[in-house]
Amino acid sequence: MTTLKNDVFDRRESSVRSYCRSFDAVLATARGSVVRDTSGREYIDFLAGAGALNYGHNDPDMKAALLDYVLNDGITHGLDLFTEAKRSFLGSFERLILGPREMDHLVQFTGPTGANAVEAALKLARKVTGRTNVIAFTNGFHGVSLGALAATANSSKRMGPEIPLPGVSRLPFDGYLGDDVDTTDLLGRMLADPSSGLDAPAAILLETVQGEGGLNVASARWLQRVASLAAQHGALLIVDDVQAGCGRTGTFFSFEAAGITPDLVVLSKSLSGFGLPMSVLLVRPHLDQWEPGEHNGTFRGNAHAFVTARVALHKFWSDVDFAEDIVRRSVLVTDRLTELTERVPGLRRKGRGMMQGLDVGDGACAAEIIRRCARNGLIIESSGAENEVVKVLAPLTTPDHLLRKGLDVLADATVGLAMAVPA
Amino acid sequence: MTTLKNDVFDRRESSVRSYCRSFDAVLATARGSVVRDTSGREYIDFLAGAGALNYGHNDPDMKAALLDYVLNDGITHGLDLFTEAKRSFLGSFERLILGPREMDHLVQFTGPTGANAVEAALKLARKVTGRTNVIAFTNGFHGVSLGALAATANSSKRMGPEIPLPGVSRLPFDGYLGDDVDTTDLLGRMLADPSSGLDAPAAILLETVQGEGGLNVASARWLQRVASLAAQHGALLIVDDVQAGCGRTGTFFSFEAAGITPDLVVLSKSLSGFGLPMSVLLVRPHLDQWEPGEHNGTFRGNAHAFVTARVALHKFWSDVDFAEDIVRRSVLVTDRLTELTERVPGLRRKGRGMMQGLDVGDGACAAEIIRRCARNGLIIESSGAENEVVKVLAPLTTPDHLLRKGLDVLADATVGLAMAVPA
Amino acid sequence: MTTLKNDVFDRRESSVRSYCRSFDAVLATARGSVVRDTSGREYIDFLAGAGALNYGHNDPDMKAALLDYVLNDGITHGLDLFTEAKRSFLGSFERLILGPREMDHLVQFTGPTGANAVEAALKLARKVTGRTNVIAFTNGFHGVSLGALAATANSSKRMGPEIPLPGVSRLPFDGYLGDDVDTTDLLGRMLADPSSGLDAPAAILLETVQGEGGLNVASARWLQRVASLAAQHGALLIVDDVQAGCGRTGTFFSFEAAGITPDLVVLSKSLSGFGLPMSVLLVRPHLDQWEPGEHNGTFRGNAHAFVTARVALHKFWSDVDFAEDIVRRSVLVTDRLTELTERVPGLRRKGRGMMQGLDVGDGACAAEIIRRCARNGLIIESSGAENEVVKVLAPLTTPDHLLRKGLDVLADATVGLAMAVPA
Amino acid sequence: MTTLKNDVFDRRESSVRSYCRSFDAVLATARGSVVRDTSGREYIDFLAGAGALNYGHNDPDMKAALLDYVLNDGITHGLDLFTEAKRSFLGSFERLILGPREMDHLVQFTGPTGANAVEAALKLARKVTGRTNVIAFTNGFHGVSLGALAATANSSKRMGPEIPLPGVSRLPFDGYLGDDVDTTDLLGRMLADPSSGLDAPAAILLETVQGEGGLNVASARWLQRVASLAAQHGALLIVDDVQAGCGRTGTFFSFEAAGITPDLVVLSKSLSGFGLPMSVLLVRPHLDQWEPGEHNGTFRGNAHAFVTARVALHKFWSDVDFAEDIVRRSVLVTDRLTELTERVPGLRRKGRGMMQGLDVGDGACAAEIIRRCARNGLIIESSGAENEVVKVLAPLTTPDHLLRKGLDVLADATVGLAMAVPA
């Protein structure tokens, strides 16, 4: 697919590479919502590091702090030793995020990928409860290391029969059987029935909006009922806020609107603010039953990420302005996508906040739209069981004119395709 | 344990933190082999990011390249899209590392932790062979995500009965039953016997020097026999070179001296050169049977790490000078540790290259030595089943005088303890 | 619980014993539907070996054949060697059962328990399809050896976290969410959705009437839809007819009324006719992909059971008289139980054919009814998630006057309890 | 392979059948050590139900008792209700077997196959210890249901990658690495090393003589060391005495000579004495932590087997005569097999007591010997990893002249083959 014949990518990179197959420019620099390739061509970025760049590329304030830190020989790699950078981050996270939300959670620094943090969450939940089983949902995505993969629903990521993916029971997510069926009825019934065959769960693991699963949204009522069932049956509630967190849905945590407080929260992607690898697991104090060193990893102390993360918290979460900005931009996206669904039959708007997209019916159609967008200067991707949902994952900081411009490109590609292909 | 009462670490960090319990200064800056805490006190660093800082802290050339890259808005986070930074790294890696060693391996960029790359290796080996079982060894350490953890031998990291760790058979590492027993006899016999109960393995996974396992060294002969048995029985040979690679034993890969070529090689820790999160899996071309996107992760394209990694390759691996330096310093370490074992009865020198240490008999004794070193300005840590091996893991670039100074501190602590505690 | 203090049972039998706790007479002889204890007291038997005595105790024709066989030194134990007794059984089974139903299935003689045959079925399904996952249902019961246990839903039988029960996904049985919800909608949706997290199944395993699960009945329509979904998605349909088969629901196989033909059928319990251990797995010819000896067991050739099984087939299944008898008796049971539900509020009739019972609301209530029946000369037991269903499992051959008499005892106990305990 | 073309066996029996492929006569009657086929031809039986017929076929005293029991309508199928037949068996087993050996074990009646009892043993060991891992040995055979199969070493019985066989670690049996290597060294080292990767075991499961594994004999010293290591590390010692028990090695239990007392003992095969399905698990009282009904099964109360089992105990184990007979016959077998090994180069005698055989080097050779024996009126089979051990498993009651005659046939076949095939 890539046109870079005889390039080192062609000679030496594994065939597992993926995004570069639908967008094969070689990127060089980036700022805000715009990236530039080696030939100088610019693209609006509606992929945003798959949600890792909520504040855009190379935010000037984070950049300045990082440059200053590196220039002064700030320690880069700190394992889980105490560092000034980690202390500052922790202090800001406590003051700006946890405190105002009355969350008494402790912070576990895990290996700096979401999957590492999900693994820690599952291990801790099993240790604390003495139970094995974890309930995860249809279309959930939680990473590809073995423990996390067991909870991931996507068959293209799950393995063949060569290795069992143990310890997970699968239940239908909100809306899986249509709007009329409350899928917590099945969950509640199976949890209460000693002969349901659902082993008592250590945890219920969920995303409030399923990013890779196709922008499926759990309603507040559904989340509340799941939280209540978890508490009632001695299971920890784990929210994987890797993609939906850090402001993507309008609040710092995606579950704030539902008024629930998970026992464990997984954060990653946009946590460092700058796209640097960083993950944490938030743990209610009474559940923090780790022995020292029981879970470890070499890159838990990525100080560069702590430095930029702290700036991100101060710049964007010190007051309500940014949250209000996100809401405003979300309305813009909602309006434009709704308009599109009215123009083109068969489209469906999905998601919420700045995590919305268009279900265009099938993956081939989505792929064609993505190709057309790429040709017109917009990087955008799809998700969903069949990659049928084109996902608008613009930086939350995208200026309105660029957001509109990107949405225009998407609209043109979509309408153009609809006209080219008879329904 | 930490003395930082009422500090945010005390209030908010999970009890899982570990290294900071034996060394509780708050670190601020670092350069080369020396780190400095917030009070300005300096320490010689013989921990070196648990092997992630083979070239020391904040190497000036890598630092300059990184500053330049950030200053110019080089793209930071690139998923698995093509980036200039990745292309440059790949080119250098091909020219300076793979080419000269006649390795035709492809490079898979995985999530940037060693565990992520081990998970990818195990998944690929199982996919390619259609087999489930993986052979791993006593005292092996390969990470703590579920698939990797199954191969990790350390019981303090493995879980309780709450979750099975599937798909791994355990066999004795070289020397496990003493110098007289060739443990490949058992491996060979079990592989050949259809009724041994050892299911046909997808892979044999090993470290050539077991870092966390206590600096146990596999002999070249043992490695050759394992490689030959793997080939004979259709199993892939995976070398986890996370800690022993990137020059730690004297050559870029730790297996070069044995003259074997693994099917899959896992690299991480010092790969970025600067302590930034980065991992790759090297894959022989005919084994690169991934579907696009079959294994993914958000932080596979950590461009900052690519930038510093490239500088590290050029600076240290363009000619043989650095390798010769390592050998010279290794001899220095060997000599000083041997001397110590001659002065203090009951000590045993272990390891090879710049991955050596002292087996001091038990973990309590090692912990006391570590505390004494810390008080005298040396950061050092232990490994082994009972944490009984004090590990000299100094940066490979440590100037001789600092290396000697650090070894002096270690010698004083060890001798002092031996005199304080009657045998 | 047992009153046999100082008896050898008290001294030497494991605490795992169960049925003897609610009925502690020491049984000596039995004939038809009546058993007699060591003191000469007689009981009507509505337990019937938990469905293993569909033709009653010590049927005179089977008994005569067995005596004759033993007297003449017929071979007792034949492994899987060819024996005259097995040949005769196979011939009769082909002629009287398989042939008339146009079933071309082959017969696998497994270890002589239902669990052994279920294990064989699961192993074969996985081998043939190359898939691991098996779909089983809420409240299903399939035995307690590890593979079968994984499919068994009852939490009191399933293990704690000490051992994973692998390879089974659980879905709701017919009626699990009430009469209005067609639970095949969820099954169908998850099978069709590549991101449902339900791995492609090797088999769908079910009972048409869940015996231990509380006499839950699958409708013909539900069974047809499940059969169709299995076929459509490449999964084998396995019917566990251990308890519902051999005439219990009115036809030899319980699935005949639904017009489906399972790929694999598990038979045991009443197959020998005489209560002797015997099990078979019926396998469609193209699925019989076993290597010789790939699945074995010492007691697959229990010739005594073959002898009585053959007599049972000839005596009861040569014409339609017996099937008509069952239907008539079933109506009698239905009528009497319905009458009871009308007299006592809160009762619910469950099951079909001669596999009916009363849901009395909770296990304590059922236990008291069982105790009252025992005192009045009726052996009867309960099943269901909470043991809340009192189960009328009389021999299919029970003379009408004994059936009525037993039902009278049950009615008295139930009404008596209802009057004693205010609602 | 079978010559019974168009027979019902050919039309309707699964291809899994095995023994009948090397011996395809259709058997009709049997008495003592002689079986007779439908044509009246007689064969000496050195297979003896794979060890299920230690007292020969249709022992006249057991037969008389069984006939009497059936004639008088003794209850046949008793679930786990109290029956007169079970009480008598228990009393005799206590008085004649457990009492004299000072074993205070309780008796659990499991489903009537060895695998059922092994499954119960593993489940109980895991429940009692709260641990998952079970240590089993190279070449061990414990049955083919999933839990037992995990402990079975034979690759032709174990599954492919379709289903994981969980919870078992494999270690080398006595003699696996030759006479010079004490394999308990590895066991002891791995149990003591917290970083060996061997999870703390719930149980160590072994046969004292591996029947299916090729008549490998554990020495008394090895058994004692394993027993001692199990006790030291909190693991239960489970002896699977299914094939080696009931007198096969000279004493009722095979472990008596070693002076060890296992925590759990599995008995089956010859326990009923008559070849009828029956199994028990013997459990030390403090380990009998089952909840009532926690492990169940339909055919646990096979009263016919209890009746014959009781006669067998009284007839053969009331005094030492039978044990002395076995020893005498064992010497005869040893002498004759030793003689053969002296005549034919490359043969090796294996086993002990009446559980001996000849390692003839490979399976093809063994198969040819078996065919030659069959032609000359001797039923005999092989075992071992490659089916390379021809197994003399004659009834313990075989009259000396028949034993000699059978051994003559074996000798002729072996010598004949050796002469036909140049070494």
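We call the chains A, B, C and D, going by the order they appear; numbering starts again at 1 in every chain.
Just so it is clear, a residue touches a chain if its C-beta (ideal position, glycine included) is under 8 Å from a C-beta of that chain, and two chains touch if they have at least 3 such contacts.
These numbers were taken from a predicted model, which means no experiment stands behind them.
Chemist: Would you mind telling me which chain pair, B-D or A-B, is linked by more contacting C-beta pairs?
Modeler: Between B-D and A-B, the larger count of C-beta pairs in contact belongs to A-B.
Chemist: Please identify the chain with the largest separation between its CA centroid and the CA centroid of chain D.
Modeler: Centre of mass proxy via C-alpha means gives A as farthest from chain D.
Chemist: Among B-D, A-C or A-B, find the interface that matches C-D: by residue number, over half of the contact pairs should be common to both.
Modeler: Within B-D, A-C or A-B, the interface duplicating C-D belongs to A-B.
Chemist: Could you put a whole-Å number on the gap between the CA centroids of chain B and chain C?
Modeler: 57
Chemist: Round to the nearest whole Å and give the separation of the Cα centres of chain B and chain D.
Modeler: About 49 Å, centre to centre.
Chemist: Return the distance between the CA-based centres of chain A and chain B, expressed in whole Å.
Modeler: Result: the chain centres lie 30 Å from each other.
Chemist: Which residues does chain C have that touch at least 2 chains other than itself?
Modeler: As it turns out, chain C has residues touching two or more other chains at 126, 130-132, 156, 160-164, 166-167.
Chemist: List the residues on chain B that touch chain D in their complex, please.
Modeler: Those in contact with chain D are residues 126, 130-132, 136-140, 152-156, 158, 161, 164-170, 172, 176-177, 181, 185-186, 189-190, 193-200, 213-214, 384-386.
Chemist: Show which residues of chain A lie in contact with chain B when the two form their complex.
Modeler: Listed in rising order, the residues are 2, 4, 7-9, 11-21, 23-31, 35, 38, 47, 49-53, 57-58, 63, 66-67, 70-84, 86-87, 90-91, 93-94, 98, 106-109, 111-116, 119, 122-123, 126-127, 129-132, 143-150, 156-157, 159-160, 162-164, 166-167, 202, 242, 268-269, 274-277, 281, 283, 288-299, 302, 304.
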